[in-house]
Amino acid sequence: MKLTKGQKLIFIGDSITDCERNRPAGEGLFGALGKGYVGYVDALLQAVYPELGIRVINMGTSGHTVRDLKQRWQEDVIERKPDWLVVMIGTNDVWRQYDTPFIPDGHVYKEEYEQTLQALIAQTKPLAQGIVLMTPFYIESNAQDAMRATMDEYGDIVRRTAEQHGCLFVDTQAAFNKVLEQLYAATLAWDRVHPTAAGHMVLAKAFLKEIGFEWDRA
Amino acid sequence: MKLTKGQKLIFIGDSITDCERNRPAGEGLFGALGKGYVGYVDALLQAVYPELGIRVINMGTSGHTVRDLKQRWQEDVIERKPDWLVVMIGTNDVWRQYDTPFIPDGHVYKEEYEQTLQALIAQTKPLAQGIVLMTPFYIESNAQDAMRATMDEYGDIVRRTAEQHGCLFVDTQAAFNKVLEQLYAATLAWDRVHPTAAGHMVLAKAFLKEIGFEWDRA
Amino acid sequence: MKLTKGQKLIFIGDSITDCERNRPAGEGLFGALGKGYVGYVDALLQAVYPELGIRVINMGTSGHTVRDLKQRWQEDVIERKPDWLVVMIGTNDVWRQYDTPFIPDGHVYKEEYEQTLQALIAQTKPLAQGIVLMTPFYIESNAQDAMRATMDEYGDIVRRTAEQHGCLFVDTQAAFNKVLEQLYAATLAWDRVHPTAAGHMVLAKAFLKEIGFEWDRA
Amino acid sequence: MKLTKGQKLIFIGDSITDCERNRPAGEGLFGALGKGYVGYVDALLQAVYPELGIRVINMGTSGHTVRDLKQRWQEDVIERKPDWLVVMIGTNDVWRQYDTPFIPDGHVYKEEYEQTLQALIAQTKPLAQGIVLMTPFYIESNAQDAMRATMDEYGDIVRRTAEQHGCLFVDTQAAFNKVLEQLYAATLAWDRVHPTAAGHMVLAKAFLKEIGFEWDRA
Amino acid sequence: MKLTKGQKLIFIGDSITDCERNRPAGEGLFGALGKGYVGYVDALLQAVYPELGIRVINMGTSGHTVRDLKQRWQEDVIERKPDWLVVMIGTNDVWRQYDTPFIPDGHVYKEEYEQTLQALIAQTKPLAQGIVLMTPFYIESNAQDAMRATMDEYGDIVRRTAEQHGCLFVDTQAAFNKVLEQLYAATLAWDRVHPTAAGHMVLAKAFLKEIGFEWDRA
Amino acid sequence: MKLTKGQKLIFIGDSITDCERNRPAGEGLFGALGKGYVGYVDALLQAVYPELGIRVINMGTSGHTVRDLKQRWQEDVIERKPDWLVVMIGTNDVWRQYDTPFIPDGHVYKEEYEQTLQALIAQTKPLAQGIVLMTPFYIESNAQDAMRATMDEYGDIVRRTAEQHGCLFVDTQAAFNKVLEQLYAATLAWDRVHPTAAGHMVLAKAFLKEIGFEWDRA
Amino acid sequence: MKLTKGQKLIFIGDSITDCERNRPAGEGLFGALGKGYVGYVDALLQAVYPELGIRVINMGTSGHTVRDLKQRWQEDVIERKPDWLVVMIGTNDVWRQYDTPFIPDGHVYKEEYEQTLQALIAQTKPLAQGIVLMTPFYIESNAQDAMRATMDEYGDIVRRTAEQHGCLFVDTQAAFNKVLEQLYAATLAWDRVHPTAAGHMVLAKAFLKEIGFEWDRA
Amino acid sequence: MKLTKGQKLIFIGDSITDCERNRPAGEGLFGALGKGYVGYVDALLQAVYPELGIRVINMGTSGHTVRDLKQRWQEDVIERKPDWLVVMIGTNDVWRQYDTPFIPDGHVYKEEYEQTLQALIAQTKPLAQGIVLMTPFYIESNAQDAMRATMDEYGDIVRRTAEQHGCLFVDTQAAFNKVLEQLYAATLAWDRVHPTAAGHMVLAKAFLKEIGFEWDRA
């Protein structure tokens, strides 16, 4: 287990992270961490490693792209001084290109995405003990699908960024692909983007594996 | 134009037809016909053929399959004595097999779908001047997609049923396929099932073409 | 078709344009363009000309007169840089003279109306590829009716303004008059001002005709 | 003053009478009589003739035609044993012919209107001390307007019925016509049907005059 | 009739005037003038004197004392330039002394009441054609009741103020006393302060009499 | 203290007893007993005599008269088998005669009141260990006030009934009269009927005194 | 893993099971299974064993005791034909003895609890492939606490019942006790009864362990 | 009785004091003082000592610690000039250490608690006639319980502070302990912190005893 006693773990991202978390910060009362994978991670950490006392904070915001994260990075990440930071962003950067193609203001293309993500991670790496980068994903089994193909390119950017900065890396698309061998996309997400409870558990499990969580620790 | 003065035109189907129509019957005040293609059809008929005085009634109900239509057919179709009847059903019959695959109670497989649809049309054909059968559709351009492939099979059943009973036939999947050459699926439907306004206009236009509507009549 | 690929088309006006559009700008998700003729125009453009990718934005605001448009013109029109601009204003300018005659503060008389409209168009004409001016209207078949007569005078001002500035022109009153030969006013509008769905389709059709839209393009 | 101490006065009609009255009977607490002319009549009777202790009950129901009144006449009129009964009905009987002309189920044509009204009054006249028949009205100054002309015919039926059965008679259309000489229709009613406060006061005054109310009694 | 064509008539006071009027100013649509006597006055003026086109504005605010009126006098009275001004204030000035006797901050005693009222009227008299001062009242028939006795003293101050400044004067307590000879207080007001519809009609009638309103003008 | 361990104590009455109690029975969670004197009695019994474990149930219903109690007596009193029963009824029996004098259906005059109360007590006395009868009251210090005088007559009926059947008796009017020597009626009740928190405490204290409650028990 | 492909797994219990599940049956859309441990179990099964297609149904109902389960057992368990049944009941049976000790109607004492549970399991054992009995629990580390001690006795009844009928058995109290060594009770439950997300994960994990779930299956 | 005629008595604290009091200050209409012990104290003072006219103001705020009181002390205490001040604070200072142990930002440890409380009392003692300090409490009978033990330590700080500054002192824990001999904790508080009505009466009684209140004064 890479986390140690009393550490603060911040998640930042879009609606998949947000899931109706509390404002201004997603921590505290039952439900404060939202209904998604962040809440699952917190529940699993506390249930299995209660002696560690990990403080989990959810700073996801629905609809956000990496451009929006940049705007609030100082306040929502730097000033909160995380020991560990987890970033999963990019879904909306891609999705807006496909669901509202006529409104280019909302599109974040690859160059801007990569530059912005790189800059944020470079700034933050020295300040935290560890950073975990999770790819965005698209719950569609057909790799030739146009939006899936684009999402995979954004995932590659995340992978490269993680490698360059020595971050932990979670390939969420790979995790979903494995389940998609058994289940049709609509079983896991109404719109191929927002996962069901099972889909959020896939995310939680993929993250926890990367940080060395053991379900059956003695 | 196949409709004549003072005729009553009933639409029946699922949520794509329903679109928040009035209860018990979708007719009357502004909005009574719902926000979908039925309302567009009514608006276009009244704006372009005001002298015909066509009475449009929306009897769609969200979530319904052909099994549900059978339960309410006597009350919602037969007793309302339509001059023209339009049926578009099958989306949920297929979708439940893919979004909740573990709950077979909600699945309507091909045999039941075909038998039920045939029986309803056979019973009703002698009572109305005309029946229009519209295929269900799936707003997914990949014809090899599992759910799209199944939906196409249901569409074939509709086509055969129309031929056997001498009904007018609207291939909604073909209408969407043409637009999908230009636009990604997510532009036309959040979940590949419920169309945007543009998607509903595609449906309205496909229906109107079949009944001989002329936009630019002298 | 006068619109070309990727152009931005802004509608501005009063409640007949607004129809519960999104704020601050009426564009984006299903319903963002409101329930009125602007939404119909957008749906028809996207369904019939999907390859053009026209971006439609609804900036109508309920209750507004030309005096109100002037206040927000810089922000809502100029700064949004439309390729095409559509203006339909004047209903409230006239209506307040007839429904609250004792409150002159809310009346916009002909002189102010003409001067303001002229100034706005003069300022904007050089900035956009095209401007479409639509008359206000009153869904009343009796041309001797006092309010109808006044509305016709405002319509004449719109016509003159269009001619002077080389704008496209849509005579909405004429479009309604044609339908009023068949239908009583109350069938098209509860209050002779806010159209039903059919009335909004009359507006959409009149606009689309002026810009060269073809329903049955090959 | 034709009303005497302790009498019960029931008003029955449609939305113009109803005006959000209490259910099941419109009497009692502040607001129980609704926001319309019935509440004004009650307030004026109690303020000017407090010693009479007139009990006013509002049994109007929005949307009703004379056909609906017939259904509830036994329960809402006969069993409540009024000393005086006031009937104003017909607006919807006519209006539905003009706002939803394609839905004939909701139309109540002249023959049915006259027969039904005659039968109800014939049945009730012997049971009450007095009956007041008020015409329906249409707040439109143009007597050639189609709906106004029809409404006038229904008003004539009310007049004839009153004469045949010896009822008091209130010509509400005449009362409005007098005000319409000064004010445009929209000042008195949003939709030419539902009066403003001033319009309701016109109705109250016309009724009170017929029963001998004196504003300035010594 | 003392009012002449096109004049503006402003009412200011407390909850008895307010009655859920519109904000910021109580004028305009149906209901904008509130459910109380101001709405009745407006309806009666418009119904009986439609040719005068009197503009009535309700500026009452629930809970206010004369101390509160002073705070908003410039904005709500002076800047609105009334031709006629009607003031009815004092209920809360007195009531707070009796319902929350332990909270003296909310009490406005006689000296402050008289001084403030005098100053406001002195400032405004030269600016308007006429001012009508209405006494506060307490719907309690027992003149020895402590709160009634105090209210009568405040009424005397209003009378004196009216005489000194040449204002029209309405003795609302006297108007209620006459009705209280016939009806118990609870019939006219739940709490002896907020009148029923009948009580508001008593107020409207008392006011109208003072300005020369004739119900039965030829 | 007359109550003994484990006894069940039922209160029945009108809105003064009800105070938003739970349905169908007012017992259980915080707030279940309502915001009035019943809740205070329960809180005081439990705080001062926790070892007795008295079960308090509130069966008051807003608006009820003794005529209504008779309708629900079997279900709400007899079948619940109280050890002690407390009855306070009569306010609405009297109030309706004064606030809606023209609607005699709602009035319960003295004869009916006395007969009904007597019958209910006679039926129930043998079934319970004790019955406490509390007078209705009117928070008005002027004993010559018409409604106060009537209420006193109903209070006398309660006193006689208590004497005849050997019930405990609480003179709530006397309890209020003592406080009214210090405070004006409006301080204790908005409408002279529904007490403030202090007024409810007056009721609780009067009741508790009668059953031998000691605040400072050793 | 004891569950096999396509099996139906029903959970029944009280509010800890319910957690705002859908009605009438807790299955289907995202959130249908509630926010508690049942939803976690379903998500984990689907994420880790997607090929099994286990159908999970939540039939918990807030506030229920074993007495309530008996009333609905036929409809909610027998007729739904589970392959596996999970029962966790008893919290309210005990809690009502401690939070509303004066209302014995709501208490279910040990004898009734044991008899009823035994009868339900005896009836159902032959009909299902497997039954899992989970103890009720109380999140209080002090075993001498009165309510904890009683809850432990009910847990012993569950253990005995499981042994007698050959059911799987989950000792939830033991699972919580282990976490309570690290965390104070209030960290896991606001009221020592309704767990936080972490507490629900403790339940899910304890259940999954008993049925042979492997988090890290190859 | 230590309070004298016309004095102002301010309560400040956390949610146990707040109980949905009015904002900005908890005084005035029925319910303004909240549903807790402050409202009971006010009701009892007014019912038993009406001639004193004590003005009670509730300034409790849910969730507050002594750190929060310090922030608003100038505005909420000093500027309101109380004759008597009552302080009960500390519950949240302790509770946050036990219900969200991983979020140290919200914990107020003993040193800060004592220093802050001392400073506030030292500043205020000279300004008021009297100050009453009430301990925080925890409704748990087991004195070895970790949170109870900590709460007792905070109670000791309150006691010492009261002694040093000559304040009146109320040991609320002792008051609850006495009742806990008879009742289990859950009967008095769902979460061992927020009392039921009975628990609030325990608080009110403990406070009133300290200021010399006599229930049965002659």
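Labels A, B, C, D, E, F, G and H are assigned to the chains in the order they are written; within every chain, residues are numbered from 1.
Basically, a contact is a pair of C-beta atoms (placed from the backbone, for glycine too) under 8 Å apart; a residue touches a chain by one contact, two chains touch by 3 or more.
Every value quoted in this text rests on a predicted model; they were computed, and no experiment measured them.
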item: Chain labels contacting chain C and also chain E; value: D
item: Chain labels contacting chain B and also chain H; value: A, G
item: Distance from the mean Cα position of chain D to that of chain C, given in whole angstrom; value: 40
item: Distance between the centres, which are taken as Cα means, of chain F and chain D, whole angstrom; value: 45
item: Rounded Å distance between chain A and chain G, as computed from the means of their C-alpha atoms; value: 32
item: Where chain B touches two or more other chains at once, by residue number; value: 100-101, 183, 190
item: Chains touching one another, given as label pairs in label order; value: A-B, A-C, A-G, A-H, B-C, B-D, B-G, C-D, C-E, D-E, D-F, E-F, E-H, F-G, F-H, G-H
item: Touching residues on chain G, where the partner in the complex is chain F; value: 100-103
item: Interfacial residue positions of chain D with respect to chain F in the complex; value: 6, 27-28, 53-55
item: Of chain F, residues touching chain E in the complex; value: 95, 98-101, 142, 144-147, 183-184, 186-187, 190-192
item: Complex contacts: residues of chain H adjacent to chain F; value: 30-31, 33, 35, 39-40, 42-44, 46-48, 50-51, 179, 182-183, 190, 196-202, 205, 215-216
